[in-house]
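The next part holds the structures, each set out as C-alpha cells.
Common to both upcoming complexes is chain A, partnered first by chain B, then by chain C.
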Partner chain A sequence: MSFRSFRLVTLTLTVLAVLAPVLLIVYQSFLSGPFFQPRIHLSLDAYAFILDDEDFWQALRTSVFLAVGMTVIAVPIGVLLAFLVVRTDVPGRDWLEPLVIIPTFMSAVVLAFGYVIALGPVGFVSLAFKSVFGTVPWYIYSEWAIALVAGLTHVPHVYLYAASALRNLGSDIEEAARTAGAGPWTVALTVSLPMVMPAVLYAAVLVFFLGFELFGLPLVLGDPEGVLVLSTYLFKLTNKLGVPSYQLMAVVVVAIILIAVPLIMLQRRLLRHAARYVSIRGKGARKQPIRLGAWRWPAFAVVILWFGFTVVVPMAGITLRSLVTSWGDGVNLLSVLTLDHFRDLAEHGDVVRAILNTLGVAVIGGAVTIAAYTSVAVSIHRWNSRWAKLVDYIAMIPRAMPGVVAGLAMLWIFLFVKPLNPLRSTMISVWLAYSVVWFAYGLRMISGSLLQIAPELEEAGRTVGATPGQVARHITVPLIKGGMISAWLLIFLIFAREYSTGVYLLAPGTEVIGSLMVSLWGTGAIDLVSALAVVNTVIIVAGLAVALRAGVRLHG
Partner chain B sequence: MADILVQDLHLSYGPVDVLKGVSLAVEPGQILALLGASGSGKTTLLRSVAGLETPRAGRIVQGSNTLYDADRRIDLAPEARGLGFVFQSYALWPHRTVNDNVAYPLRLRKLGRAEVEEKVKRALGSIGLAHLGDRFPHQLSGGQQQRVALARALVYEPKVILLDEPLSNLDAKLREEARIWLRRLITNLGLSALCVTHDQVEAMAMADRILLLDQGRIAQNGTPREVYERPTSLYVAEFMGAHNRFEGTVTALDGDRVTLDVGGRTLRGRARGPLEVGGRAVAIIRLERVSARRDPGPDRVAMTLGESLFLGDRWELVFDWEVASGGETRQLVRAFALDGLDDGVWQVELPEQDLMVFPVG
Partner chain C sequence: MKVKTLLAAASLLVLAGAADAAVPEGYPASYQAVIDAAVKEGKVVVYSTTDAAQAAALVKDFEAAFPGVKVEYTDLNSTELYNRLIAEVAAGQGTADVTWSSAPDLQVKLAADGYAAAYPSPEAGKLPAWANYKNTVYGATADPVTIVYNKRATPEGDVPTTHDALLKLLTDKTEAYKGKVAAYDPERSGVGFYFMTQDEIQWKAAPELFKAFGKVGLKTYTSAGAMIEKVTAGEHLMAYGIFGSYAVSRNAKDPNLEIVYPKDYTLVTTRAVFVPEKAKNPNAGRLFLDYLLSKRGQTLIAGDAKLFAAREDVDGATTMATIKKAAGGQVKPIALDDKLLDGLDQTKRLRFLKDWSRALKGQ
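Up next, the complex of A and B:
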C-alpha cells in the first residue's frame, strides 16, 4: 500500500470515528423521538422541553458554580505547590513532584466513594471527630463540599503547567533582578510570577473547562441531596420520563458541547501565547533554590496536608471499608475485620469479567489505540496541507465531549449503524469509545515525540532512495519507539481508570471496573464497590510503578 | 553536458521570495561551491536540487534526466533523483549502527545480502572506519560521523553529491584537514559536487568554481581567483576577504584609472564599475595589499600607527589616517605584516592597481 493510500484510509477512518458520533447527536437533537422509532419527524420540541425544564437550568447553574469554585481553589494551591517544589529548598523536593501528580491518575469515582466513606455523615473520620469534639462541622453532600473536593483533586493540573513554566524561566532573568538589588521574595513576586502568568492563566481555563466535565464526584456526592450538574442531569434524564428520551439527552449533549467548544478554543489561543512567553529562556544554568529558612517545614506540611486530604483520606477510607463487614456508630473495628469482600468478588461473574475486561482494554486495547494514534500522527507528520490542519481541528472535537457523553454517542452509533449492531455488547464498542475520547490527548503525545525527530533524519532517508512509506516504517516510527511505549503506559493508566465513558455501554460482556462500580454504587452494594475500588487502585498503582520505573514523564 | 544544470530557478516561502531566478551548471568532475551570507538562499538552492524543497518556476536537469521542470510539471521525488546528499548535521540515524546506516541505501535497492556487506565494508574501508561498523553514531567523534555520512551518501555510487556545510560542525584544525581529504575523495571518485558553505576560505580551497549568492540572486559566478581578485560588485568585494573601505567622491577619471577624494585626501585606484566625475564611490583594498614603508613614494600616505595586534602567524597593524570626511576626522586603515612595527608615523602604501573603486547608489 502506498503512503498516500495509507494516509487516505487512516484519515478517513479518523474523521468518521470522530465526526459520526457528533453528527448523530446533533441529528438526534432535532428529532421528535429516538432515532430507532418509526414515525419520527424533525422537530424543535426537545429543545423547547429542555429549555423549559427548571432542573436543566439548576444543573447549569451548579456546573458554573463548581467550575468557578474549583478554579478558585485549584489555581492558587497549584501555583503555590509548583513554586515550593521547583524554586525553593522545601524538604524532599525530588520525590514531592511524583506525589503531587498522583491524583491525576486516581479514579474520580474511587476518590468520591472514599470521601463518602471517610467524611460522610457516618464516615470513619467523621465518627472519630465526633467522638472527640461531639459534633461534625462539615457536610459532604453539599455543592460547597463538591467544589472543595473537585478543586483539591485538580491541583495537579495547575501544578504541571506552573511548574514547567517556572522551570523554563531563564535563571538569568531572576539573577538580573537579584543583581539589581531585589531580594529572593521580591524576585518571586515581581519577576517569576508575572513571567509564568500566561501558563497559569491557561491552567485556570483548563480547570474551569474540566469543571463542566465533572461526573464522578457530583454523581456520588451530589446524589443524596439531589445536587445535579449538566453531566449528571444527562445521566438522570434516562429515568426521568421512564421511556428512552434520546432527543432530550441529545439536546443536553449539544448544550455541553456548545459550552466546551469556546473554552477549548480559548485554551488553544492561551497555549500559543504561553508558549511564546516561555520561549524567552536563558542558559540552562542550575538555579539556586530560594532558601525558606524557618519556613521549610511549614511549607513541607502544606504539601503533605494537601496530599493527605486529597489522596490519603479517601484511599484509606475505601481500603478500610473493603476490610470490614459493616460500619457505623459504635462499631468496634477489630471485631468486624474481614477479607470476605475480596473473596466475594470472585463469585460475581460480572465483577470477574469487569476486572478481566479492564485489564484487556487497558493492556491490549491500549496498545492498539497507540498504534492507531501513531498511524494518524504519522499520516499528518510534516504534511504541509490544509487536510493536516483539518485533522488537527477535528482532534479537538472529542475533547468537547465528556466521557459520559462520548459513551452515549458511541452507544447510539452502534445502534444506528446496522452492521455495527452485533459489536454493541462487545468490548470493541468500549475500546472505540475510549480511543475516541482520548484521541486529542494521545495524538498530542505521539506528535510530541515526532516533533523531536530532526527533519534531516527523514530527509536523509529520502535522498538515499527511500519512499515516504519506507521512511515512515524504517526511520520515523523506530525513532519514536520510546515515546510510543511511554504513551502506551499512560494510556494504560487512563483506560484502567475510566468509568464515565463505559456507563452507557455497560451490558453483560462489556463491564469494566469503573462503570460497574458506578452501577453497583447505585444499588447500595458498598462492600463489593469498596473491594472493587481497591482492586482498581492496585491496578493503577502497579501501572504507575512500572511507568515511573521506566522513566516515563507523567505529563505529556 | 553538465552534470547538474539549474535554469532560472524561483522559490518562495509564502510571500517571501527566497530564490529569484538562479541558474548554474556543474561540469562533470567539478566542485561548485555555493557561497553566501545566511539567508542568501544557498541551502534552499541545494535542497531544491535534492528535491527537498519545491521551487515555483525554473528547471533542474541532471545529465539527460530532468529532475524538475515547472513548465512540464515534472517534479521527481527526492528518492527518485539518485543524488548523494550530506547534511550539515550529518543526519545519521541514531537507532542504526554505522554498518546499518551505510547499508540502508543498498537494501532499498534490493541488493543481495553478500553484496551489501561487501560494499559497506569497502565504503567504510575507504574512509578509514572499517573497524567501527558495529558502533552507533553517538559513539563516534564529530569527524568520524562526518565521514560515515559521506560514506552513506556515496555507497550507492551517485554521479553527483550535494554537501550542505559539510565541515561546519568540525573544529577549526580538523576542518582544514577535512577539506583537503574531502576534495581528494570527490576528485578521485570522479564525482561532480555542489557544496554549500558560508566560509569563503573553505569555498576557495575546495571548489573549482564559486557561485556567490546575495538575497536569492547570483552576485558572481567564477573561479576562486576571479571572484577574489576581480569582484564585479561592491557586495562581492566586501564579502570576500578582509578589507579596508573608503568612501569618497570621484574627482578625475582616465580610462579605468580613478582619482578619489576621501575627506580632503586623495587616493588613486581602478574603476570596477561605471563611475562619473563628482559621483560618490567606495574604494576597497584587501589588507594583505596594504604595506607600511619608511620613505615616501607613489601611492603612499603618511599615517600614525595606532595599534599592533599579534595574531601568531602575522601582525595586524591599525593606522590612524587624519581625514575630514563628514564629522569624522580619523579613518582607521588596517594592514597585515609579518613583523611588528615601531610606534610613530609611517608611509602606508595603497597600490593603485589593488584599490578597487565601485560606484554607490
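Up next, the complex of A and C:
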C-alpha cells in the first residue's frame, strides 16, 4: 500500500469513527424527539428550553468557575513539579515521577469518596484535627473545595506536558545563567519557563477544557449542597421531565462543543511554535541538573506535600473504609476492623471476570489503540494540508461529550449502523468507544513525540531515496518507539479506570471494574466498592511498577 | 469455530436436561409448551436494576429449576434500562426477555407506550391486586420506604416513629438538626420525586414536612448509598425515604444503622417486572417472570436475596408480614396503575418541583 492510500484509509476511518457519534448528537439537538422515533420533526424547541432554564446557566457558571479554578491551581504546581523533577537535583527524582502521575489513573468517584472519609465533616482527619484545635475550618462540599481538589488532581496533566518539554531542553542555557550567578529560582522563572511556555499554555488550555467535563468529583462532593455542573445538570434535566429527553441533553453537549472549538483554535496557535519542541536532533544536547543547594529538601517537601494531599489522603480514606464495618463520629476504628469486604468481593462472581476484562481492554486494547493513534499521527505528520488541520480539530470534539452522553451515542451507533451490530455486547465495542473518546489525549502524546524529531533526520532518509512510507516505517516510527510505549502506559492507566463511555455496551461477559463499582455504588454496597477500589489500585500500581522495572519510561 | 462446538455441546446438555424441568405445581398442563419453547430458546436475557450480587441466588436457583435455560443478567440503573430498551426496539433488533426495575413509574410508562407484552402469568392470582398492572407489569417485591438513623448519635427520645413525629422533631429541635438530615433530591433523582409525590398523596401535612426540611437545611442526595454511608458515619443523623432492602442489608452488617417503618403509614414500592413485546426469547422471559413471582422465587427473595417478597403467602426475614409488624399494620403499597403516569406528566412534575424548591427556601 502506498503511503498516500494508507493516509487516505486511516484518515477516513478516523473521521468516521470520531464524527459519527458527534454528528448524531448535533442532529439530535435539532429534533423534537428521539431521532429513531416516528413523527418527529426538525425543531429549535430544545434550544429554547435550555436557554430559558435557570439551572443551565447556574451549571454553566459553576463549570466556568471550576475550570478557571482548576487551571489556576494545576498549572503553577504542575510546572513547578516538572521543573523540580526534571531539571534539578531534588532528592528521589527517579521515583518521584511515577508518584506524580498516580492521580491520573484513580477513578474520580473513588477519589472524591476517599476525601469524604478523610476530610468530610466526620472524616478521620477532620476528627483528629477537631480533637486538637476544637473545630474543623474546612467544608469539602463547597464549590471552592471542589475546585481545589479538581485543581490538585489535574496537576499530572500539566506535569506531563511541562516535563516532556523541559526534558528536551538542552541544559547549556540554564548552566550559563547559573554560572552568571543566578539562583535556581531565577533560572527557573527567567530561563526554563519561557522556553517551555508553549507547552505550558497548551496544557493550561487542556486543563481548562477538562474542567467542563468534570463529573465524578462534583457528583460526590457536590451532592449534599446540590452543586450543579454541566455534566450533573444532565441528570437534573432527565428528572425534570420524568423520562430522558435526548434533544435537551444534546443541546447541552452542543454548548460544550461550542466552548471547545475556540479552545482548540487557541491550542493550534500555540503549537505553531512547534520548532521549540524540537529536541531529537542530528546531534545530542548535554543535560546537567541544576543544583538546588539549600533548597533541595524544601523542594522535596513541596512535592511530598502535594502528593500527600492528592493521593495519600483520599487513598488512605478508601483503604480504611475497605477494612472497617463502620467509621465516623464515636467509632473506635480498631474495634471494627475486618477483612470481610475482601472476602465478600472474592465471592462476587463477576469480580474476577471484570478484572480480566479490565486488564484485557487496558493492556491489549491499549496497545491496539496506540497503534491506531500512531497511524493517524504519522499520516498527518508534516502534512501541510487542510485535511491534517481538520483531523486535529475533530480529535478533541468527542471529549466534549460527557461520559453519560458519549455512552448513549455509542449505543446508538452500534445499534443503528447495521454492519456494527455483531460487535455490540463484545469487548470490541467497549474498546472502540474508549478509543474514540480518548483520541485527543492519545493523539497529542504521539504527535508530541513526533514533533521532537528534527526534520533533518527524515530529510536524510528522503535524500537517499526512501519513499514516504519507508521513512515513516524505518525512521519516524522507530524514533518515537519510546514515546509510543509511554503513551501505551498512560492509555493503559486511563482505560483501567474508564467506564461511563461503555456503560450502555455492557452485557454479561463484558463487565469492567469501573462499571461494577458504579452498580455497587448505586445500591449502597460501599463496603464492596472500597474493597474493589483498593484491588483496582493495587493492580494499576503493580502494572506501573512492572512497566517501570522493565525499562519503560514515562517519557519517550 | 470453538464457540460453535461449545454451543453444540451446550444444546445437547439442554436436551438432556429438558426432561428435568416439570410443570410447576398448580400450573396448567399446557405450561409444558412454554418450558419446552424456553429450553429451545436456551437463554433468558434480563435487564435489571437489582445488582448482580444481590440477585445471584435467584439466578442460580432459576437455572437449577429450569436446566437448559441460562440467565444472562445485566444490571443497569433505571434510566439506562429505559434508554437501552427503547433504542433497541427502535433499531428493530429485539431486546431483553425480561426487564425488572425499581422505577415502577418508568415500567408502567413503557407498558403504556406499548413496549411490554401482556401476559397473564399463572402466578398472577397469588399476587396482591396492587402488584398487577393489566396482566402485563407485575410487582415482584414489596420494598418499604423507611427512615434510617444513627443509633449512637441520635437521642433515643428523638427517634421519630411516624411522619408526624418527624415533622414535630424538626420543628421543635430545628437548631439541633441543622445539616443533620438527608433525603433524596426530587429535583435530581427520579426515585426521590416518586417517593415524595406519594407522600403528598398519603399525607396532608407532607408540604409542612418539606418546609421543615428547608428550615433544618436538608442535605439532598442522588444516591441512597451515599446517604446510608453518611448516616452510619454520623455526618448526618437520619435519612428520609430509603429503600428498606438497602437499609436491611446495611443493618445486618452494622447495627448502628437503625431502621424506622413509620407507624402512621409506610409506603411500599415494588421492583416491577415485564416481558417486552420485542423480546428475543419470549418464552424464556415468561418462565423467568413466573419464577420470580412463584412461591419458590418469592421465598428466596424474602431470604437470601434480602429483598422484600410481594406475595403474602411466603415466610422469611423480609416479607410483607415483617413490614406490617414493624409499621403497626399501616402499610400503603404504591399500586402499579395509570396514576403513576401522572408523575411523569411534565406540567404536574414541574409544578411539584417548583413547590418543593420554594418549601426548601422556607417560602
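Just so it is clear, the second predicted complex is superposed on the first by the 355 of 556 C-alpha atoms of A that agree within 3 Å, B and C clash if a C-alpha of one lies under 4 Å from a C-alpha of the other, contacts with A are read in each partner's own complex, and residues count from 1 in each chain.
Rule of thumb we're sticking to: a residue touches a chain if its C-beta (ideal position, glycine included) is under 8 Å from a C-beta of that chain, and two chains touch if they have at least 3 such contacts.
The shown structure was predicted, so the numbers you read here are calculated from the model rather than taken from an experiment.
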May I ask you to decide whether A:220 touches chain B, chain C, both, or neither, giving the answer as first, second, both or neither?
-> second
Considering only touches as defined above, state whether A:108 meets chain B (first), chain C (second), both or neither.
-> neither
Given the touch rule stated above, what does A:235 touch, chain B (first), chain C (second), both, or neither?
-> second
Figure out whether A:465 sits in contact with chain B (first) or chain C (second), or with both, or with neither.
-> first
Quick one: classify A:520 as touching chain B (first), chain C (second), both or neither.
-> second
Partner chain(s) touched by A:370 [first = chain B, second = chain C, both, neither] = neither
The answer for chain A against chain C in the complex is residues 34, 36-37, 116-117, 120-122, 219-220, 223-226, 232, 235-236, 238-244, 325-331, 348-350, 408, 411-412, 415-416, 421, 503-504, 506-508, 519-529
Chain A-touching residues of chain C, taken from the complex the two chains share | 49-54, 56, 72-77, 79-80, 82-84, 86-88, 90-91, 93, 105-106, 109, 152-153, 182, 185-190, 193, 219-226, 228-230, 232-235, 246, 249-250, 253-254, 256, 343-346, 349-350, 353
Chain A - residues contacting chain B, complex | 454, 456-457, 459-467, 470, 474-475, 478-479, 481
Considering the complex alone, what residue numbers of chain B touch chain A?
-> 50-52, 77-79, 81-85, 87-89, 91-95, 104-105, 108-109, 152-153, 156, 162
